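There are two complexes below, and they share chain A, which is joined by chain B in the first and by chain C in the second.
What follows is the complex of A and B.
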């Protein structure tokens, strides 16, 4: 009816009403979810930062010095993808560097004393790094991979056997000495390597960079000593863990002409903050009273005094979990995916078995997390087994290790599926090319399949990790504490995690807890997750460019 | 079966059974078989199939193929789409092993050794029989790394720079890429990529090169470059090439095998004979375009 019979000159008209209606319905559907989340986040940030109590003067000052310049920058960058990429890289690598620093400080000072770390650095980490670098330069040395594997197996054994002597050595050096040797020197080598290889710096310049970093580490010590909050060890760790990513981002941005205006973002942010603060002080405007501040991040939780409450033990617990879960899932998840995609037969009885396994991995990905908690309770906490002389009595109620294993089980199916997806997307013509050259299966996987699928594997793993650190149900099931006043002291010590602590506070009677403290916890958790996700995006983009 | 005539000429060269290896990772090839002297003998047979049947699940793709491929010559395989040319090619270096449902019966010998014997390591076999595919499939690595790929996986890393250069020269690609060996191979044009794949295949110095429609995705100029290259290669290597292009087969090959629908080998003879005076009416119809 909408189409008239076309005449010689007229083409008639085709009705598009259904299409238009559908388009707007889909638009509304997608907006509703985002809007709801946006409103919630706005509330949470509002509470966490205590913006309610701020005076008009404060708002005006920061709008003028920070908000308007930032918006202007975004408007400017909108049409310049290079600038956006540069700003994104600067921002997320800085954030990631901060987290890496925090994680390293915590892990290096809690799990292992500097002396013990030094022992294992000498026997495992150091040789691995050396072999890796050698392998990068001597492409023809095919034994390097095998040697690395051997180091990985034999190194810890040697380190444990020689622990006595090696720790004495470490103690002689003192902890700043240990970090200088084990972090700053390799960090400087890495920086010089990156400068030469990635940025095509001249030999002199890269050597200069390699020397400047240790020099800076030493020269700045008197300055660092004047700041009581930063010990010499923390300074050295931060120099490497924060300095290198930031330095990389800066160098990478400065290298491309079109990207350079991305530096406006950090300049605007820092200058805006300082200027805003100065104006607020000058006119004496009321400042906000944020819940999320340094005190919050560094003190233990309180259940009676909201002003003193902090998230420190939970943050440490979560960091432990992130590190362990990422190791477990990466090793087992990627291993399983490679086996299922590259080795497992497609036909016959075994092929049927493979298919059954594949279908069930998809099912497992949908199993509720409470059920995984129950599984963890069953096999990591409660089971007692006697295997000859070995007694297995579980890994303890609510310990770091139990929690990490349980959460790894939870996200393993997701990691496997996304890794399988990534491996499957490697064109079979590349595999054929490799086999046709007389490559063995392993050589094909190692040289063709893995490099090509790594971006997908990494993104999938990091996104799944984000899910793991936000989980509460499995942790409740394995008996993790909701409130703990001290951080875990080792793998078999009890922990709490950020979502658990937030959950505990949410039911306290005080309003300050339910609104302020909880909101601050949620914001902290979100910042950690967003950082992980942006690193995932960066990694994917990086490898995708390399693969093309 | 006209193809029987060739089989009688076979001088089975049982010079080595080094395809057999106890270490599948390394592919115990000994490189000391004296190929120079074999080349003098002219048209000795390198690859010979007898009663070869290939099945994909229940469907039969090749029936009773008897074929003897002469050394250091170009052997062309022509025939309509789906008649099993690629299947035959993949039988020679056992790439069919990668297809789960493929099943091979009968015998196919390479230098006198049946490649389907249980003690033959397909990886070692493929190191001696190179392959170039229908669509250029360079690795997403640098040009240099592409050519060096086979050298690295086969631990032949001495003088790698020289070997890479020599292979690129043989593949008539050196002049175009010598100043950008570190660039990605994917930035090359299709024809250059295909020549790169040929360079990659000859870098490891195989004895036979299998080519499955190597020029089908290329323009006429790139095609004629590849054709020149193939004729060049035939002085050193045994080349087996599948093509849909009759003129190409006529131009570059010494022997031609005509497969027809159903997976049978209808005629196998000198190229001149096939194109000028074929025995079988069906082959004549196919070549003149009346059918297929």
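What follows is the complex of A and C.
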């Protein structure tokens, strides 16, 4: 419509049609893509939550008590960015707290026993915390960093050698005692510190907070004992891992006047949920019969009876795996990126080597995951090498450690590339200024480069972890189990992961499996992944605000 | 309780008071937990790699099963039952296909059991003996391989093995009319098992025999539901898979009877049990590794596996295989016990 032959006017007319066509084609394409995905997810959630069987009364009740107030809150918050920020912080820190609690319960009490955790707390975590705190107070003590590094290397060795004695000590204390000493006391110190530093609370108030937390831990024990689902250990872990983030979010939101209306969100959610339940009971409406329920999350898989099927061993396996993978990739990935960007020579023979490494890393990011599975099978399972007196025979077929290393290999290139991009985006004038103040290269990296590039690094890492948690092919290659009835007992026992079990269910004869149970598994996987992502988004936003 | 009114608290004072509080709380915690019998928080507190602590006669350790995806549901159901009785035993199952399990896992010593929907082949035996892996063969159930057609297929209810051979052999019939002139002159759409599967091997042997090759002109898959969907969507489709999958989807497709000279016999648990459903009823196996049977928890699981193979409720109702009779189960159990006593 806008095309015209060249006219006599001097500048002529330029066709805008290409630009307009491009704009609308892209728009329609992305809308179609998002809608298709949305419809698919809606189907999956519909099946997983068994919404088909719910009666009209149930829908009406929850629309009235939960959906409408929530929509009203969103409409209200739309024009108030402070409220949105507050509500997002409350929501994601609560999610993060739940995630942390679940992960801690899984790692500290299911995978490692409390006594083993206590042994390593005494030799690794405790000294590290103490050194860190000392380093914060005594800025002059430059040996602290080195001492921390030494603890990190020597601590695990000492802990492993003295495991016998130290676990006896831990068992003497009993598991609640262990968690009280190793979590609640440091948690109380952290709470007191945060109150004083972040919220400018008076000294007495912060000390009061520091004392109140352990006191609460003890005082609430009789109450906790009446709830059979929560053991004392779980209560102590949740108090620290869930209580601290939620407390922080609440304090942070309450501090700013404009943010306070954000508290309406949790109030609406909880009250709406309870009111909806009460109304449904009162009018006797048919409730949905979800596949995804507590039984599903806590029982072991079944092949013959869909109603008894559960995902528990696979959930634990996946979370164990992803925790290990995130530690490996963060340490190795960010380390490699810092080296390549800040230390590696970029001219001469060594410079050529650096360029070759960079090109290779970019190429490795595109290698299919099956190939990484084969690589993992080769170097972590089937290898037999004689290194002097030591024989290296791999880490076992389908063990947690093998799987974590293989998945780390898979996502390391992506993590390295995104971390390099993020480090490169820090203006070099900042570095020069830091050098000009007499800072060393390491100090510059720690105090200038890393804080500015952390949002980018975290974004890349989290996206990569999201890919890792859904991977199946490398796990099949290294011989991970498809079905297990108990979670992995340690680093070197076999594991199964959520995608493996979901894939096996998807090909069973029963319709209940192919639709209900599989859908519930997919939703569980999505929830774990989205929780992880939302925590990352929060951290990223925080650092972005600080950087600006 | 430590909130002394003397203005600014000294650090030492705070340390002592909070330390006292901590000690107090700790004492409370430990005493309570030991007092309330068997510790409320330490229910799952087993240390890693505890395969040696079978002091109280409780079995513990790892068991790995690989092999046929046909037998996988049966093995999983039995494993689940076993786990309920011995919760310290850690069972891992992977459906790898009969051949895949032998060559990649079992014969290199990486798994304790390999399930198979056909007997072990000569080349697999060679691979096992090359690696010094000895095994014991256990027949755990019987499956009725089921040939299915579309529900709108109204021209055939029954086929002879010879007709099946014409359809599935290489260079065989290309339209239904090629097999029987009364049938429609439409191309045959075939859906079958991939050649890594024991189902393929068995069908090949039972129907095609030595002289004919399996056609390559078909949709080959390891996944039974793809065969089901293919046949369900195509009026001229034909496919085959284990009876268990048909039992779960009886209304979706039509199962063909087999006429092996004694009239038409429909696939069912009863006909396979009576030995009438021929030649497509096939034995299913599991192969424990002899070396692994030396360990008590694996030997116990092998016994349990054999005992459960006569459990009609589990084998036929839940899974869809033909269970073993009490006598054949007993003779399998004796043979197994013989092997176990040799290695232990």
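Everything below uses one rule, namely that the second predicted complex is superposed on the first by the 521 of 548 C-alpha atoms of A that agree within 3 Å, B and C clash if a C-alpha of one lies under 4 Å from a C-alpha of the other, contacts with A are read in each partner's own complex, and residues count from 1 in each chain.
The definition used in the following text is that a residue touches a chain if its C-beta (ideal position, glycine included) is under 8 Å from a C-beta of that chain, and two chains touch if they have at least 3 such contacts.
Bear in mind the structure is a predicted one, so any value in this text is a computation, not a measurement.
Participant: Of the partners chain B and chain C, which touch A:21 in the superposed model: first, second, both, neither?
Facilitator: In the superposition, A:21 touches no partner, neither chain B nor chain C.
Participant: Just chain B (first), just chain C (second), both, or neither: which does A:432 touch?
Facilitator: In the superposed model, A:432 contacts chain B only, not chain C.
Participant: Does the superposition put A:448 against chain B (first), chain C (second), both, or neither?
Facilitator: first
Participant: Looking at A:385 after the superposition, I want to know if it touches chain B, chain C, both of them or none. Which is it: first, second, both, neither?
Facilitator: Touch partners of A:385: none, neither chain B nor chain C.
Participant: Between chain B and chain C, pick out the one touching the greater number of residues of chain A.
Facilitator: So, of the two partners, C touches more residues of chain A.
Participant: For A:40, select first, second, both or neither according to whether it touches chain B, chain C, the two together, or no partner.
Facilitator: neither
Participant: Thinking of the overlay built on chain A, is A:71 touched by chain B (first), by chain C (second), by both, or by neither?
Facilitator: Neither partner.
Participant: Quick one: classify A:398 as touching chain B (first), chain C (second), both or neither.
Facilitator: second
Participant: Give every residue of chain A touching chain B within the complex, in rising order.
Facilitator: 139-140, 142, 345-347, 351, 427, 429-440, 442-443, 447-448, 451-452, 547-548
Participant: For chain A, which residues are in contact with chain C within the complex?
Facilitator: Counting only chain A, the residues touching chain C are 109-116, 167, 172-177, 180-181, 185, 188, 203-204, 207-208, 210-211, 214-215, 217-218, 221, 225, 231-234, 300-305, 397-398, 476, 479-486, 489-494, 496, 504, 506-511, 514.
Participant: List the residues on chain B that touch chain A in their complex, please.
Facilitator: 24-25, 27, 93, 95, 98, 100-101, 123-128, 130-131, 133, 135, 137-140, 149-150, 152-155, 157, 160, 184, 186, 197, 200-201, 204
Participant: Looking at the complex, which residues from chain C come into contact with chain A?
Facilitator: Touching chain A from chain C are residues 1-3, 8-9, 14, 17-18, 21-22, 24-26, 28-30, 32-34, 36, 39-50, 62, 64, 69, 72-73, 76-77, 79-80, 83, 87, 90-95, 105, 110, 223-225, 244-245, 247-249, 314, 318-320.
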